[in-house]
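Remarks on the structure that follows.
Chain naming follows the written order as A, B, C and D, and within any one chain the residues start at number 1.
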Amino acid sequence: MEYTANKEVIAKRIARIFKDGDVVNLGIGLPTLVGNYVPAGVTIVLQSENGFLGLGPAPAPGREDPALVNAGGGFVTIQPGGAFFDSAMSFAIIRGGHVDATVLGVLEVDQKGNLANYKIPGKMVPGMGGAMDLTVGAKIVVAATEHFDKSGASKLLRACKLPLTAAGQVDFVCTDVGFFEVRNGTFVLKEYFKPYTVDYILEKTDADIVVDKDCREVDLG
Amino acid sequence: MVAKPIIAAEKAVELIKEGDTVMVGGFLGCGSPPALIDALEQQGTKNLTLVCNDTAFLNFKTGACTHVAKLVAKKQFRKIVVSHIGTNQETQRQMNEGETEVVLVPQGTLAERIRAAGAGLAGVLTPTGVGTEVQEGKQVLDVDGRKFLLEKALPGNVALLKAKKADKAGNLVYDKAARNFNPLMAMACETVIVEADEIVEIGQLDPEIVVTPSVLVHYLVRSKKQG
Amino acid sequence: MEYTANKEVIAKRIARIFKDGDVVNLGIGLPTLVGNYVPAGVTIVLQSENGFLGLGPAPAPGREDPALVNAGGGFVTIQPGGAFFDSAMSFAIIRGGHVDATVLGVLEVDQKGNLANYKIPGKMVPGMGGAMDLTVGAKIVVAATEHFDKSGASKLLRACKLPLTAAGQVDFVCTDVGFFEVRNGTFVLKEYFKPYTVDYILEKTDADIVVDKDCREVDLG
Amino acid sequence: MVAKPIIAAEKAVELIKEGDTVMVGGFLGCGSPPALIDALEQQGTKNLTLVCNDTAFLNFKTGACTHVAKLVAKKQFRKIVVSHIGTNQETQRQMNEGETEVVLVPQGTLAERIRAAGAGLAGVLTPTGVGTEVQEGKQVLDVDGRKFLLEKALPGNVALLKAKKADKAGNLVYDKAARNFNPLMAMACETVIVEADEIVEIGQLDPEIVVTPSVLVHYLVRSKKQG
């Protein structure tokens, strides 16, 4: 079996986590894609940590407003019923447990729920931005990542080596091969995505994985 | 955006259970939710903890009894956490006779403790109260050579708030000085119930002027003003 | 010489402390009177701790708005250029040093700058309201009090006996007999008000008083 | 109400002295004051400490250099306190080569530290950063069985802010997501300078929608938009 990175699969699966009315903060990059796959009948409210609730899609060309951008600086819109606020209120909402779920990108994630995504010492140091507050504050923290890096190494680890963004805060990890819960210091495989198999995942992942008794194959094609 | 349930005041206060900590917005009653207070008095739930700026007005001579003072008079609280009771003789009587535990908190400290609970902070370091009775039993920290009290976050179970206008999603704006503690309590409670003078459709409140964003509000109640 | 309580004298003298543009919080009761005597040419901005800036005078009869009251619950107005805010912002303004001066009532005040005004144990316990934050936060704290209580006892003391509102925060004490600065653990008499004399004040006040070298008589009649 | 001086950007930045801590509003430049930044670049004051959400955009390949990145490029800072530098390659270079001290602060912690300074608090207790490098050198407090970091207040000398509209007294409203850190920095600095797209007479801003009250603002500067 050959691995093919597939961001769409990750976004599709994560989008199914949400309940109608959930308040969600999506990190920049891969997590942003999740917004495109929310099932019909489910409305989620997107929080943008730069200071508003009700983040909407990109505006039509020519309708960009330099004062209406997401946390990555990209032009967006605001939904009816949205609200603007300052950074203290924005993070009060995040840290105070008023956000139901956050989806964050990954450099490394480990079976203890540790996440590293803000710093490769001496090399790349973007900074944590709002990620440390999001991981501590959101009720559900979902790590979204391709299962392997470009060299083929597992992004799911026994223990992160990079500086942590958060210690023990990740609840779920969704890759393009499967969906994992973090429980009692191990990854619990809940779903494996077609065409991958349980054996493939256990063999190729550099971490302890328990296969859930209800683990099942899911086709996100 | 998702609409929040609009329910009757009587239904709303059923969410309050014996033993709960109830936060009530308002400052000497200005900004308190009258229908919700009346419904809670009617329901009669006891052993509550009140968090409020004050206990409004209760005067033995004139018989005046307003806002949360109605609940004090009915002895629905086992504990009262406020900054001021000078306008409520019954609160003072209950305190002096040991019937009710009254905790006096400096008003700015009360505001920050409520906000901290809503903001996921464990507390703040304030200079207010250093060297006074307020300091008793609290951790005193030295920061850069000055003393501060560690004042812990104060969360609640249910908030009873008053807004001037809400949209159906739960975004709120307030009326002048009736704002006071309402926006802070909206952050700090598991269940936030708002009595609004006017409830408009989603999209009819300018996102720039919203004071309390919808995410903090769980139930809306129409005030009697609205009919 | 006989003492006659005179609130007007206290209010008149305190009103002369302010510079144009000062942001001032006046306590309920006697301190509120100060607002009536601000000299022509000096504009002060009144902060009301229940949540606004630009407190104006009482409205005309019939124009009262139940949502526009001061911290004592009295009907007021708001000046053009005023602003409403919540209690956290109100006390951020107070505690954060953004208020130039506060004037507060007194049960006891002592030569170390201690103030007691919120509690007579077992008897009267109104609570501190915003007074503890105001004394700690305002740049200048002025204690406003009649010089003697109804039994004739000095309200200025060597050491407060009642529970303190603030320890060592009072800068000035203004009574109806004189104006005092609190400096190095004593009262410094800066002005004595006609018809009282320095000797009268030194004799009748139950505290250590240093007479300022520039101490002078002032007529506030 | 008292009017605040309306001055030119060039005059305003003369209030900034070598060694000062300067706070600049904005989030990736959205809500940063362009005229004030240009004037400070022109003035060339060095050894400053920057407090900002981020260092905006500077890309070696494309040559893009926006907002506070202009001041970073001119090496006007000896210390940079921000939550994010991922969009500014020059900040990363200066940090990696040890030319400039860069302190990375979680964004919510940065907001609370600035607010605390403005609110007269010595600091807050936050769970953010526990068990990470952010914890290093900080006091860890146990509150009710959970660990929190004591994050100290972060005050500044001068704030350079951007508002959509100001009245002459200094009351401010902002433009959508350009609000971000501006209202917090207005609380936390000795001198607060605001570049406003529009300056109206006192009394022309509704007191209900003011975000930053006049008392926090010291100087107004007309943005170039206003002409």
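Assorted remarks:
Following the convention adopted for this analysis, a residue touches a chain if its C-beta (ideal position, glycine included) is under 8 Å from a C-beta of that chain, and two chains touch if they have at least 3 such contacts.
Quick caveat: nothing in here was measured; it's all calculated off a predicted structure.
Chains that count as touching both chain B and chain C, per the definition above, are D. Chains touching both chain A and chain D: B. Chain centres here are C-alpha means, and the one lying farthest from chain C is A. Averaging Cα coordinates per chain places chain C and chain D 36 Å apart.
Centre-to-centre spacing of chain A and chain C amounts to 56 Å, using the average Cα coordinate of each chain.
Centre-to-centre separation between chain B and chain D, using Cα means, comes to 33 Å.
In chain D, the residues that touch at least two other chains are 112, 115, 119-121, 126-127, 174, 176, 207-208. Across the assembly, chain C contributes 52, 78, 84-85, 88, 91, 94-95, 136-137 as residues in contact with two or more other chains. Every pair of chains that touch is listed here: A-B, A-D, B-C, B-D, C-D. On the side of chain B, the complex with chain D involves touching residues 112, 116, 119-127, 141, 143-144, 146, 148, 150, 152, 173-174, 176, 207-209. Taken together, the chain B residues at the contact with chain A in this complex read 1-2, 115, 117-121, 167-169, 171, 187, 202-203, 205, 207-208, 210, 213-216. Against chain B, in their complex, chain C makes its touches with residues 48-52, 65-69, 71-73, 78, 84-88, 90-91, 94-95, 118-119, 122, 124-133, 136-137, 163-168. By the touch criterion stated above, chain A contacts chain B in their complex at residues 20-21, 23, 43, 45, 47, 52-54, 78-85, 88-89, 91-99, 136-137. Contacts from chain D toward chain A in the complex involve residues 27-31, 53-54, 57, 82-87, 92, 95-96, 104, 106-112, 115, 126-134, 164, 174-184, 211.
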